[in-house]
Structures are given as C-alpha cells and as structure tokens.
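Chain naming follows the written order as A, B, C, D, E and F, and within any one chain the residues start at number 1.
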Amino acid sequence: MPDLDTNLPSIRQIQSLIKEKKEVELKVVTGDLIAGKIFWQDSECLSVLDHYDRQTVIWKHAIVFIQPKA
Amino acid sequence: MPDLDTNLPSIRQIQSLIKEKKEVELKVVTGDLIAGKIFWQDSECLSVLDHYDRQTVIWKHAIVFIQPKA
Amino acid sequence: MPDLDTNLPSIRQIQSLIKEKKEVELKVVTGDLIAGKIFWQDSECLSVLDHYDRQTVIWKHAIVFIQPKA
Amino acid sequence: MPDLDTNLPSIRQIQSLIKEKKEVELKVVTGDLIAGKIFWQDSECLSVLDHYDRQTVIWKHAIVFIQPKA
Amino acid sequence: MPDLDTNLPSIRQIQSLIKEKKEVELKVVTGDLIAGKIFWQDSECLSVLDHYDRQTVIWKHAIVFIQPKA
Amino acid sequence: MPDLDTNLPSIRQIQSLIKEKKEVELKVVTGDLIAGKIFWQDSECLSVLDHYDRQTVIWKHAIVFIQPKA
C-alpha cells in the first residue's frame, strides 16, 4: 500500500484544507472546475463535498491544480 | 500483481458503491460521462453496467471523477 | 518483464474477448473509436483486427474504455 | 517517501527560481497559463503565488513547461 | 536501465516493422498522425523516418496506436 | 535518483543534439510547438533556448515528439 506521505508539504497543505473546511476550486484535466470542501484524501483520490453535500471522488492523476475559492 | 488495496478509502468507497448498486456517473479524460452501476473493480479497471446491461470496462488511469447520479 | 497478470479480472475479461472473437469498440484518449476483434494483448498493448483484417496496435495507457459493439 | 532529488538540474533550477523570487509562467495540460512566483516545491507539486498572494498548488504531472515571465 | 523486453509481442511486432521497413502511421495524443518507417525503438522512444528522411523521435507515452499505412 | 541512462539511443540522440547545437522543434501535449536549441536534459526535463536566449524548461512526460527544425 502506498501510504499517504504526511511529510510532503503538498499532502500536509491538503490535510490543512480538510481540517479548516476551506472552500476550494479544483481544476481537472478535462478543464472542469470542481468547487467545494475537501472531505478526505488518500494516495489515489480526493473527495470533495459541494453545497448540496454531493460527494465527488476525484483521482489525483487527473488533478491539474487546487486554489482557494475566488 | 498489484493487489487491490482494501485499506484505501477510495477503494473501499468503490466497494460500497458495488455492494449498494448505486447509480453513478463517471467522467473520463475524453470528457465522456458514463452512467450506470459499478459491477467490479480491480487495480487496473472498473466495470460499469448501464440500463441495458451493457458492460463498459474503464481503465482507472482514464477516470477523472465519480459522482452519485444527479 | 512486467508479465501479464492473469489473475486480474480485467486481464481475464480481455482474454475471453480474444477467445470468443467478440466485436468490440475501444475509445482512446484522442476520442477515436476503434472497432474490431481483439487479436492479442500483452502488458503494454492490445492488437485489434478490423473488417479488412487491418491490424491496429493500441497502447493500453491510451485506452479509455472498451465495450461490446453496439 | 520520494524525496526531492536536489542533484537533478531541473529540481535545482526550480529551487533557484524560488530563492530569487523570479516571475514565471507555467503552462499546464489544460492549456492554462499560470503566472506568479514559485513559493515551494516537493516531489509531487509546485506552489505558485500570484500578484494578489493567492496560492495555487499545481501537480507536477500536469505541468508542460515553465518560462521566465515575458 | 529499463531494457527493451524482447519477449513482449508488442516490442517484437515493432522490431519486425523495423526489419521489414514497413510504412506505418502513428497516432499521438495531440491527434497528429505521423507517417513513415520506424528506424529504431528503445524503452522510451520510437524513431520514424518520413519520405524526406527527416527523423522524428516520438515518446512512447504519447503514442495512441500504430497501423500499417492505409 | 533516477540517473540519466546514457545507454538509451533516445537519451544519446538528445545528448548529440545538445553538443551540435541543432535547431529543433518540440511538440508538447497541449499542441504547442517549441523551437530552439536544447541546452540540457535530465531524467525529468529538457531545457530549450530560443532565439532571444529565453529558456523554457519542459517536462519529458509532456513531450510528444522532437524533430530537426524544418
């Protein structure tokens, strides 16, 4: 199992976003922009909850960038 | 053989979707949206059954995100 | 050499498609849809024969999904 | 943990850009051009700060190229 | 060094195309179609010579499929 | 550290292009064509200098092909 490396700044930054329940925007390779709060991450995926509590599980290999919501 | 890591939240969430026969939508890198019920997963692929019981085998490297059907 | 893992459901499903000479459609990352019968697979590629017995060798990293022909 | 290999010229060049707070442009796979100063890098991601100090965390697998700002 | 695995059918098929100097068409992820004769391959790249003996070195990760010239 | 494998023909060909300061064109996954002289390579990236000595650092995972300038 590829454990989540909690020493990596990028992994820790996402852990902070989860704890602080910050609104974020995620751009994925199809060009879609997914907005919401990150709910959990593992080594493969991120889970995002939108305003309607709908959950989207996003594969990390398909993520381009993440930003605080504008 | 890269076994399916059943400790990963993302793998377990998909296992739940399989057991509960939930309708899902899968976005892939070409922008196509594939709807149906997940039938099985292994470390490489997911299999989805649509309303006509037609099976689509999707490579995980091509998946962007998965959502409960709207 | 990365051997073909014949314990994986996805690998075995493709092996069945080869034996049964089923007509399939393969969607690739460029959006092209390739139709024909799968002739062989290895860990890197799939080979597909069309109606004119023209062979296309497709890299697995470029495959999005495979379906029985509609 | 995949440590950052500080012997690689590409890693060191990015470390220099961080120290010198150079303005750069990053092209990503969606075609977006992200401008700003690189704030940190790890083996998975780069962080870029724009003129409004908004932080964007970019996955390295999604980066095409980096240039000094024109 | 990742040696070229000459036991793989896909690697051997390309070796045959090189020996027989067959005209091929290569589709890459940008949608471009590159025509010519394969000159050499290694584990990372293929080299193709066109009618003007211009050489193109193509990364295997960017290849979608290869076909005999129509 | 993934050392640059100088036994690979593709790596050596790029090393030759660097020594001979040949004008090349690089196609990347976004469809952009980058022209210039290759300045250095490591296992992750290539650096290209254009006519104005502007340096572009290109990730190898994003390169489709390289050609001598037409």
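Just so we're on the same page, a contact is a pair of C-beta atoms (placed from the backbone, for glycine too) under 8 Å apart; a residue touches a chain by one contact, two chains touch by 3 or more.
As the structure is a computational prediction, the values presented were derived from the model and not from experiment.
**Q** Touching both chain C and chain F: give me those chains, sorted by label.
**A** The common neighbours are E.
**Q** Express in whole angstrom the distance between the two chain centres, defined as the mean CA positions of chain E and chain F.
**A** 19
**Q** Chain D to chain E: how many Å between their CA centres?
**A** Each chain's C-alpha centroid was found; their separation is 33 Å.
**Q** Can you compute the centre-to-centre distance for chain B and chain F, using the mean CA position of each chain? Integer Å is fine.
**A** So the centre of chain B lies 38 Å away from the centre of chain F.
**Q** Among the residues of chain E, which are close enough to touch at least two other chains?
**A** 29, 61
**Q** Could you read off the chains around the ring in order, chain A leading and chain B following?
**A** A, B, C, E, F, D
**Q** Inside the complex, what are the residues of chain B that reach chain A?
**A** Against chain A, chain B makes touches at 5, 7-11, 13, 27, 29, 31, 60-61, 63-68, 70.
**Q** Spell out the residues on chain A that touch chain B in their complex, using ranges where they run on.
**A** Going by the criterion above, the answer is residues 1-2, 28-30, 32, 34, 40, 42-45, 47, 54-59, 61-62.
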